[in-house]
Amino acid sequence: MQTTRLALAAAAALGLLLATGCTTDTPTEPADDATTEGSSDEWFVQAEYDAQLAQRDIAPEGDPATPWLQAIEPEWVDTGEFTREGGDATVCFSNASVSNPWRVTGWITMQEQVKVLQEAGEIGEFRTSDAGDDDDQQISDIQAFVDSGECDALIISPSTTATLTPAVETACASGIPVIVFDRGVNTDCATTFIHPIGGYAYGADAAEFLVENLEPGSKVLALRILPGVDVLEHRWAAAQQIFGDSELEVLGDEFTGGDAAEIKNIVTQYLQRGDVDGIWMDAGDGAVAAVEAFEDAGKPYPVMAGEDELSFLRKWDETGMTAIAPVYSNFQWRTPVLAATMILRGEQVPAEWILPQEPITEADLDDYLARNADMPSLHYAKFGGEDLPGFPDAWRDR
Amino acid sequence: MTAFAPRRLSTTALIHLALAAVLAVGGAAVALDGGNLFATANLVDMLTRTSLTGFLAIGMTLVILCRSLDLSVGYVAALSSLVAATTMDGQAANVPLAVALVLLVSGLVGAANGAIVAFLKVNPFIATLGTGLILKGYLDTEYQGPAGDVPAVFQQFGYTRIAFVPVSALVMLAVAAAAIGFLRSTRTGHHMYAVGGDVDVARMSGIRTTRVLLTAHVLCGMCAGLAGLLLAARFGTGSAEAYTNLYELDAIAAVVLGGTLLLGGKGGVAGTVAGVAILAVLDSVFNVMQIDPFAKDVLRGAVIIAAVALYARRQLDRTARRPRFAATPRRPS
Amino acid sequence: MTRVRALGAALQGAGTVFLLLALTFAAIAVVNPGFFEAPSVMAFLKQAAPLVVLAAGQYFVVVSGNFDLSVGALVGAQVVIAARLIDGVESRTVPVMLVMLAFGIGVGLVNGLITTVLKVQSFITTLGMLLVLYGAIRLWTGGAPTGDLSEAFRTPGRLGITGVPLIGQIPWALLIMLAVGAGAILLMRTRFGRILIASGDNELAARLSGARVDAVRTAAFVLSGISATIAGVLIGGFAGVSAQVGEGLEFTVITAVVLGGVALGGGRGTALAAMAGALAIEALFTLFNQMALPATLRPAVQGAIIIAAVAYAARRRLRPAPQPTAAPS
């Protein structure tokens, strides 16, 4: 009885819905050639690798004092169609997550930048959603922003490259300016795509440093966070290229989940089996734990590539070890909101906005330590927010 | 499952009331905030959120009714999205084959889970955690990233909607209706309650308990396969990374929110759908109100515990009214 | 009589884990004979200690018929609390440790009371607690841990008694692990332990015989909270603060306990075997590392071994038990 009633109700509801009209939100332009590149199982693309390595030596356009506004070989595009009078624009931001310290640091910087623009009357409301690293959730988030029809500009920090492509295309098709940053998507429909040089350059900076500073035949251990994430896979792909051409021996590559205890455990076991002369990491989370493993085992410090996380920089300074901190420029979190206001003013922006990405070396270690002296240990040195009014409290007392 | 006490609400009705209450409170909160929870955009958002968890939770209901559990559904969904996307390979003509293959593969994983639980007598928590790990190893080794290409036709499944109702939500509701029918009107469906209630009594009364358990697991696997198809349609490609989202815990939370007992034997799919909806409404409300993502986790956790505590209270009252089992001790015949 | 049989069954279930442990160590010995030198064995035990301590805590909860899924989040929360409150000041170490202990007990108490008084199934209680802890701790620190641990705080997890002849360094973590292990085993021999097992084995019978089932079950959650606190001190000491600390530990530790022959649903298994299960898991991870097994394949091998081991134990348990008369008295 209840089943029949349920079925009847369902049929009635369906009929009603069909009568009220059928809509589809599928991206209008089918992505044919774009997706094939991203869906390749192989992470290494020679042309992209060569391009990124070359970009490291190209002087970016713009003021070096504001690296977040610099751009490498920009191709300026006209954004007149998006010009909006009157200020107080509603800017929406679909964030992949704030699930690691790098993203937390950047997220604070972005919010502080937004406050400045809000006081200037350029941005009115700043709406955000956080997908908690769930691609499907982020697709819904983007759809909700587009469907609300209230966003004057949409900023997207995609969780995964290939999977967010259809959603970004939908957003582009809605006619508002779309700004993608950090990880990319397999479509160039966005008004601008903001990112530092990229994963290959990061991995290469680290690997080249090890090759230069270690004797031929030395042994290197690679510590990686997790498989399958393109920005991280590119780092490792570049490192494999460079190690492959060198006389260093790669002992192994291990996934650590960025967990300090796991890192220390793995390094300790490698040290128990033999010497490790160098450590390559695809991200600096837990780098200090790796260094401590050497201390606790009574072994000499390795030549090390970490990241610009302060805990590592401080340990490096303390121990005087030979190290480099490759940088995945955290200040890129300022750029998207600035780009949004530029676009809404009708100013030109680079179609692909490539930000500088320079590692921190022995030479500028002291400078970055002094600048960030008050900051917590899981803060990123190149966060680029020193001139914002909220500095230093917003990052320190969070 | 029907409540015989006329003046007391059935658990399912209570859960639908809870859903209405959540909607009302959420709507009021959003309105105070100056928004409208029932604007088309928000309704679409809410309903879209129900589809994915819905598929997983429907399957999960069946295994939980049998006093089992499936912690591998997130991995099965990720695997299914890859099987779908790589089989389709951008060709609309391959869609039927891909769907069939996905259902086959996911059903087989479900069968493996069922067999390990039913024949090898491994606790379902460990058995499905183990198959989940095996799948994770396979996915990490075999697919280094997103793979395959879903043709535009099939992407419709993830994006088309009729008025404000996404097609995926309609398909989910259809599957739910089928599951309700299955549980209410088929013999295997009835047996699931018996197996979950007391497996020994069920066996003694002539039910082939292993077969029932196996069926539940196969169906649960296939529901996870449907979730994988939806993921593929939404992503336009297959993604191994989808397993990192702990969908299985969401699904279990939805099932329990829907009034199904984790110890089996009691509950149903209608409640589960309401449970899924409650979670989706919460998420939408949090989203519209721009709640801090971490505060979201806290609220979610608190709501789940509070809701289940409420149901438990009711069930306690009800058992207290029944003649006590202890008065007539069960004797093996 | 039933107790004799129950004991026999428990030992049979537990036999599998010691077999697995022995096989794993044998395999490690084949791959790398050097592993069994004192320093590396000590390093292994130091790094395994937190999981063993957690397994002891989880054992109490599982054997009484419940789950505690909140321990991973609790370990993470404790490390973050320690870093933020100590903030590098040595003199705060002990007071903060006391605060952590109180927090651990509090979380366990809340878990226990919600489960026993409000009758929420422990899977849901502790899943909710996991979400609450995960979110609350990040809300409190703005997303990523702040502050620093003191040297004194790091001592138990990182250092040890040095200069011991033949062995070199005996890690404090090992001593703490042994103390916790001994405590757990002794506790299970008391009246409390017997009631705990009884309430997991047959709740109704335990209640009818006048046992305070709810009280012992709540106490089990509190013990689990304390063990997570100790594990937090050890892990934080071992490796310092990181944002990911503790993630996923709940599943590893429940797997460890089940591997030790403890039945989910309660009433069966020993604390010693549960802790051996934790050692076996750590030994497996070590073996994978020593074999240089490709990192992506490891979860698959781990999953297969766990299923096989638990299925093997189940088979042994299902075989008809020896006649009670044949059992030595």
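A, B and C are the chain letters, set down in written order, and residue numbers restart from 1 in every chain.
Quick note on the criterion: a residue touches a chain if its C-beta (ideal position, glycine included) is under 8 Å from a C-beta of that chain, and two chains touch if they have at least 3 such contacts.
Chain-to-protein mapping (UniProt): A = Substrate-binding domain-containing protein; B = ABC transporter permease; C = Autoinducer 2 import system permease protein LsrD.
Here the structure is a predicted model, which means the values were calculated and not measured.
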Query - Centroid comparison with subunit A (C-alpha atoms), farthest chain - result: C
**Report entry** Which of B-C and A-C has more C-beta contact pairs
**Finding:** B-C
Query raised in the report: Using the average of all C-alpha atoms in each chain as its centre, how far is it in Å between subunit A and subunit B (ABC transporter permease)?
Result: 33
Query raised in the report: Taking each chain's centre as its mean C-alpha position, how far apart are subunit A and subunit C in Å?
Result: 36
Report task. Give, as an integer number of Å, the spacing between the C-alpha centres of subunit C and subunit B (ABC transporter permease). Result -> 30
Report summary line: Residues in subunit C with touches to at least two other chains are numbered 143, 296
Query - subunit B (ABC transporter permease): positions in contact with at least two other chains - result: 140, 293, 296
Query raised in the report: What positions in subunit A touch 2 or more of the other chains?
Result: 98, 227
Requested in this report: Sort out for me which residues of subunit A touch subunit C in the complex.
Outcome: 98-101, 103-105, 107-108, 224, 227, 252-255, 257-261, 263-266, 268-270, 272-273, 285-286, 288-289, 292, 296-297, 311, 376-378, 398
Query raised in the report: In their complex, what parts of subunit C are in touch with subunit A?
Result: 32, 34-35, 39-40, 43, 47, 50, 141-148, 158, 235, 238-245, 247-248, 285-286, 289-290, 292, 295-296
Report summary line: The subunit B (ABC transporter permease) residues in contact with subunit A across the complex are 39-42, 44-45, 48-49, 52, 85, 90, 140, 143-149, 152, 155-156, 158-163, 165, 170, 173-174, 177, 180-181, 184-185, 231, 234-237, 239-242, 244-245, 287, 290, 293, 296
Report task. Please give the residue numbers of subunit A that touch subunit B (ABC transporter permease) in the complex, ascending. Result -> 2-3, 6-7, 10, 14, 17-18, 20-27, 30-32, 35-36, 38-39, 41-43, 97-98, 127-130, 132-137, 139-141, 143-144, 147-149, 160-167, 170, 227-230, 233
**Report entry** Residues of subunit C that touch subunit B (ABC transporter permease) when the two form their complex
**Finding:** 114, 118-121, 123-125, 127-132, 134-136, 138-139, 143, 204, 208, 251, 254-255, 258, 263-265, 294, 296-304, 306-307, 310-311, 314-315, 318
